[in-house]
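Here come two complexes built around subunit A, the first alongside subunit B, the second alongside subunit C.
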Partner chain A sequence: MSTPPEELRLVRLIDQGRVDAYADAARDHNPIHVDEVFAAASPFGTRIAHGMLVLALVSELMSAAFGEAWARSGALKVRWRAPAVPPVNVSARALLRSSSDGVATYDVSCEAEDGTVLLAGTASVSRGTSA
Partner chain B sequence: MTTEQPVFEYDRDIIGKQFELGSQEITRERIRRFCEVLGETNPLFTDDEAAASGPYGAVIAPPGLVYSLQLGQGPDAKVVFGQATFHAGERAELHDVVRPGDVVTARQQIKDVFAKTGRSGTMVFVVRRTEFTNQHGTLVAAVEQSMVHREVNRG
Partner chain C sequence: MSIDFHALRRGDRLPPIAFTVTLEDVRAYLAATGEAAGTWSAHVPPLALGAYILAGLMEVMPLPPGALHAGQEFEFLDTVAQGEPLEAELTVVQQSERQGSNIVVFASELKAGERVVLRGRTTVMAPVATSEAG
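The block that comes next holds the complex of A and B.
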């Protein structure tokens, strides 16, 4: 079996248009994401992207590298560090931490363009044990 | 009794009780729309022609679509503590692929409610687990979401 990639990376613009479209697609219209006036009075003081929208970038990275194995055996564990305030170029990254017994484990993170860490955690995927 | 013990109220009886949130068909259109919104271009989720000769005979749903499905109000632990609520963390497990036309049912329980006291004060965590099964009763994904209730810093 081939060696899992050392590093995976993608950058995606999350602007308010994408947040609004995601709210419709995911049927999550929480006003903290879409209502400017409501969000201004929230602890964040502004609209923020859905956490699941940001997390989806990590899933996208893992899908790109592992395909259906990710859909069948993936595991994600993340802590939210800061909200993503649109518009922001979010950089998602996965760095191989270990690979043994057919399981590849990555340290994953999403960062804003100013270096603010939005989420951090681990992702692992079972790649089977066949040679 | 020490006064260090954090005091908060919640509905203890709700812990571990499973609630069905609802079911939804994952249509081809839903997958297409999700990919378009996210900017996801992986042929596994987008290319019908290539997928027709693949192991499933069709595209599959991006896992992010499945574990983020919102299918109704879950149980409420009625935590009375603090003035602010934030998402603390997320765990997702993927178990099987979801194909267009599959009907996914979500069931949710409050797994745990606990307090932690650190340098920034006391926080109360509520952990919800949502399990997603398909029309054959197969578990396809599960997500555990931690919400934290805390007092707003006064300074």
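The block that comes next holds the complex of A and C.
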């Protein structure tokens, strides 16, 4: 069994076009994400990206590193800390915390380009079933 | 009939959510998130399953004003083939009020036939509904 990667990273622009596309794809048209007028009157004052869209970057990191093992034995635990206001370049990162008994555990986070932490938590995967 | 978020209490079970995820759904999801299709030519990206469960939840329970998806846990237990019939069951496992917010935690279990393919816990917070003074 190979050593799990120490660090995984990706950066992706989340703009309103991506948010709108995600709303259609994920069947989540909550107006806080897609309705400019509604969102302007919300506590955020503007449209925000779906939390699950931001989290998708973490899932992408893990599937890129571990393939279908991520779908068979992955686990995620996160809390959202701040909304992602499009357009924003989101940096997703996973740092290896431990690797034992075939399970790799990562501290995961997503940050906006100004350093705001959007979400943080852990991800783990059993590498015994890795492709 | 829609479910009132603020009326939910621990132990409440929501109506089952049945859905399938087609090849077209997967393509749209990957195009939206920006993930390459490589790994998911035959299977459904596991986080997409979670997204569809949440979408189903919001269909039966519109989110109240100011609601936030505050936390999420997932265990991905098996791959799901595109087009496979799925059914999710959600139960309220925690309900509390803190600092003016109603906090509800939903436990979810997604099955493909008899196989449990995903378990999750979803935390949603919303400002406590207040009655207007007369």
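Following the convention adopted for this analysis, the second predicted complex is superposed on the first by the 128 of 131 C-alpha atoms of A that agree within 3 Å, B and C clash if a C-alpha of one lies under 4 Å from a C-alpha of the other, contacts with A are read in each partner's own complex, and residues count from 1 in each chain.
We adopt the following convention: a contact is a pair of C-beta atoms (placed from the backbone, for glycine too) under 8 Å apart; a residue touches a chain by one contact, two chains touch by 3 or more.
Model, not experiment: these values are computed from the prediction.
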{"item": "Combined model on subunit A: subunit C and subunit B, fit or clash", "value": "clash"}
{"item": "First (subunit B), second (subunit C), both or neither touched by A:40", "value": "neither"}
{"item": "Which superposed partner A:95 touches (first subunit B, second subunit C, both, neither)", "value": "neither"}
{"item": "Partner chain in contact with A:117 - subunit B first, subunit C second, else both or neither", "value": "neither"}
{"item": "First (subunit B), second (subunit C), both or neither touched by A:11", "value": "neither"}
{"item": "Subunit B versus subunit C as contact partner of A:68, first or second or both or neither", "value": "both"}
{"item": "Contact residues common to both interfaces of subunit A (with subunit B and with subunit C)", "value": "12, 18, 21-22, 24-28, 43, 51-53, 55-57, 59-60, 63-64, 67-68, 70-80"}
{"item": "Subunit B to subunit A touching residues, read off their complex", "value": "30, 33-34, 36-40, 42, 44-45, 55-56, 60, 62-64, 68-70, 84, 86-98, 152"}
{"item": "Subunit A residues touching subunit B - in the complex, by the definition given at the top", "value": "12, 18, 21-22, 24-28, 43, 51-53, 55-57, 59-60, 63-64, 67-68, 70-80, 121"}
{"item": "Residue ranges of subunit C in contact with subunit A within the complex", "value": "25, 28-29, 31-36, 39-40, 43-48, 50-52, 54-55, 58, 63, 66, 68-80, 123"}
{"item": "Subunit A to subunit C touching residues, read off their complex", "value": "12, 18, 21-22, 24-28, 30, 42-43, 51-53, 55-57, 59-60, 63-64, 67-68, 70-80"}
